[in-house]
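Below are two complexes that have chain A in common, paired first with chain B and then with chain C.
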Partner chain A sequence: MFEVFARIRRFLPLLLVLPLLAGTAIAVAQTFKTQIYDPETRKWYNYDQKRALKYYRKHGQAPADFQRQVVTFRTAEKPGTIIIDGDKHFLYYVLPNFQAIRYGIGVGRDGFGWAGIVEVGRKAEWPTWTPPAEMVARDPNAAKYANGMPGGPDNPLGARAMYLYVGGQDSIYRIHGTTQPWSIGLNISSGCIRMVNEDVIDLYSRVEVGARVIVLMQGAALYKGV
Partner chain B sequence: MRDQQKLRVKASEMATRMICKSVIAAGVAGFMATVSNAAEEKIVIGVPAWPSAEVTANIISMTLEDKFGAKPELVQRGTLTILNQVGQDTIQIHPEVWLPNLETAMARLEAADAAVHLSPKGVDAAQNICASRETLEQTGVGSVADLADPEIAAQFDSDGDGKGEIWIGAPSWSSTAIEKVRAHSYGYDQTMTLLEMPEAVAMAAVDVAASLGRPIVFYCYAPHHVFKLHDIVTLDEPTYDAAKWKMADRNQDANWIENSMAATAWDQSHFHVGYSASVKDRPEIAGFLDNIAFKPDDIVEMSYAVEVERIPAEDVARAWIEANQERIGEWTK
Partner chain C sequence: MTESKSGWAVALVAFVALGLTGCTASKPQPTVRSAGTTAPADLQLLCASEASTRFGANRDTILPVSSSQEGSNRYRVDLTMAGESAVCVISDTGIVESLQKV
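So, the complex of A and B:
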């Protein structure tokens, strides 16, 4: 059994080209890498797309550290608050009595892109995905969904979406599901927060509209605030 | 004649009585007007963005209302903005003027004939660079100067650029500018990225680091609830040396960081109530503000109640007043 302990380590940018679902294809940069530790061989392995896919095919789930679990979490934040740590690829949902549910997440190739305090402005089940205008312009496969791709198993937003608002306005960032469950723990694609569908359904059932979301500071270029 | 004299005397007495009554009436009216003005004259209390100040601002406001019949207004602003407005008398009270953080601004206001009056009884405080206790074992960091070592700093890297990250305070805090100077003076501005963010974001990062057992360093101040929530230690540094501590005014010097110096620990910090010239002219209120004497433990409890127990600052203030009637009585004598 390949037991792993996931840990994030940073390396030089590495450009990858990944196939995307729904027939689209986008050049995606894996700027940072995760490493996972194999206690049997006592070695660290790069947890990149190739290894992530291999691991997922073998185990049918992400490495143990990225699986949903209740952890001790002493905080001043009130229960119901979400804390996103894009660096370590974790999302915390604060519970009473200094506990939290920790979920594994995938984030954008540059992390989350910003840090600060936002809120869940609205929620949607099997959300519609509307590709950004630039994607529509360059990709015929995306162009056919210019008016929105209906929710469903092939929709990149997965089973649920929580829309993050700043000062009552949509920030364009979302916490959503994915059709690429192997990608949890990686930095790929655009800047949203991806969770496996089972986890995003679980989170969705707990989170209330108006919940506070704290995105942690992550890196030099990312501290723009919101 | 006698009758006429009696009549004149009576007339005179009546006139005197009438004049006296008028004078008394006028005096009473004037006195009433003074009391009324004192009660109705606008008092604006600034509320800076940290939890204990939110509570102390409410305690001051409620006491002014209860004991002096005033109707204060609370406004949220950055600490420097509040201080400047107290100097201009557009805000009358700053509940926590931190020193030495605001010394430069205080001197500038005084030079501009807009002095802010400070209550004499301050609360002892401290400002440091903090770490979780396990950070010391994990990274080998022990002192603030160690952060200038690239190998140590790299252990706090969270974005892969080879430099560490350290939160130095919220953008609106007076201490944040001084922390920039300290980072420059120690040299860790070259090895670490200095992060400015609201305190809640930084404290959430401390919570996450504690949960994962990961290293973290950050600016900290005491009294503060984080010391009750986590096992936090301060990094070593040379004791405060006035000869090595010089702050240029960032409002007047474009190269204020380079022209400043602070390669030692902070001086013993303390904070006081600050108030404007118009309050100074109202001895009963100025006397109350001068008598306020919170203890560090009061401040920790207030901070913990607001931040960890999530009790609204107004409710914490009300409960504190209820439990400390004797002290309030002493302060308002």
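So, the complex of A and C:
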């Protein structure tokens, strides 16, 4: 219990500053959702949780555009940088020669999206998940893990986690794996960036602590520092 | 007669091969898209990089916060820069056409 209060106290300055920064974000606050093309009807449909689950059950993976692939990426950012396009649900890992590895991701649901410039502060394999205090208070299932759920296949952080820091302090946001691989392409998280376990393992093997992470999301609250 | 038949066979194979090549060379169509149109992430960051150079601002304080398509081959990117704002227009080939503080 003390640990939870200690965590709240540690994050308090960040929690206080976030609404202030949100006020500096642009006025148009909208979180773009994914649409999927149906070649049979030749129409685009909203890719919501129901459709994503149905697609995953049928194909055993997310749509092709969300599969890991090397793409052209014209950037001045140095190799090793991570760029997250929250609007299109892509994460780019910058490679040399104007290329990047593109991964499909799930991002924050309405009101939980954010944009900013942070860095990878630490990394963990099969990380422990500690539910936030408010989740502990309202959810008996989460309450039993108030002191941390050990890493493993049922842990919502999945196989790997990269902890995002700003100014040497934990931002409370992470790039992590998931137990819900069907959720790639959705606005579904509490602000964390989720990837299928195979992809997060691949990214984890490439990313170094200290790597710059740029998060783009139109209309989202700006995170500390920008 | 035999030569004529083989000629037709070669022409048929060439026609099929050309057809197949035509299919495989076409650009794959996207299976998903965003409900809203924003500039590609690399173009947004090229604008941020140019703003850092042109205005001498710390790159950690510059972030694209909004973007939209303007015409068929250019995008407008809105930047925040440590309390200030700028608007960048960039072509889909990555050339910054204009960049101004607002």
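Basically, the second predicted complex is superposed on the first by the 181 of 226 C-alpha atoms of A that agree within 3 Å, B and C clash if a C-alpha of one lies under 4 Å from a C-alpha of the other, contacts with A are read in each partner's own complex, and residues count from 1 in each chain.
By definition in this document, a contact is a pair of C-beta atoms (placed from the backbone, for glycine too) under 8 Å apart; a residue touches a chain by one contact, two chains touch by 3 or more.
These numbers were taken from a predicted model, which means no experiment stands behind them.
Asks: I'd like to know which partner A:Ala52 touches here: chain B for first, chain C for second, both or neither.
Replies: A:Ala52: touches no partner chain.
Asks: For A:Ala64, select first, second, both or neither according to whether it touches chain B, chain C, the two together, or no partner.
Replies: Second partner only, chain C.
Asks: Considering only touches as defined above, state whether A:Gly185 meets chain B (first), chain C (second), both or neither.
Replies: second
Asks: Have a look at where A:Leu216 lands relative to chain B and chain C in the superposition and call it first, second, both or neither.
Replies: Touch partners of A:Leu216: chain B and chain C.
Asks: In the overlaid three-chain picture, which partner chain does A:Ala76 touch, first (chain B) or second (chain C), both, or neither?
Replies: Touch status of A:Ala76: both partners.
Asks: Counting only touches as set out at the top, which of chain B and chain C does A:Leu164 meet: first, second, both, neither?
Replies: neither
Asks: Give one of first, second, both or neither to describe whether A:Tyr92 is in contact with chain B, with chain C, with both, or with none.
Replies: both
Asks: Identify the overlap between the chain B-contacting and the chain C-contacting residues of chain A.
Replies: 32, 73-77, 83, 85, 87-88, 90, 92, 100, 115-117, 214, 216, 218-219, 222, 225
Asks: What part of chain A is in contact with chain C in the complex they form?
Replies: Going through chain A, the ones touching chain C are 24-26, 28, 30, 32-37, 44, 46-47, 63-66, 73-77, 83, 85, 87-90, 92, 100, 115-117, 185, 214, 216, 218-219, 222, 225-226.
Asks: With touch defined as at the start, can you tell me which chain A residues reach chain B in the complex?
Replies: 10-12, 31-32, 71-78, 83, 85, 87-88, 90, 92, 100, 102, 111, 115-117, 214-223, 225
Asks: Please name which positions on chain B make contact with chain A in the complex.
Replies: Within the complex, chain B touches chain A at residues 157-161, 163, 165, 167, 193, 195-198, 200-205, 207-208, 210-212, 214, 225, 229-230, 307-308, 310.
Asks: Help me check something: in the complex, which residues belonging to chain C touch chain A?
Replies: 29-36, 38, 41-46, 49, 60-67, 78, 80, 82-83, 94
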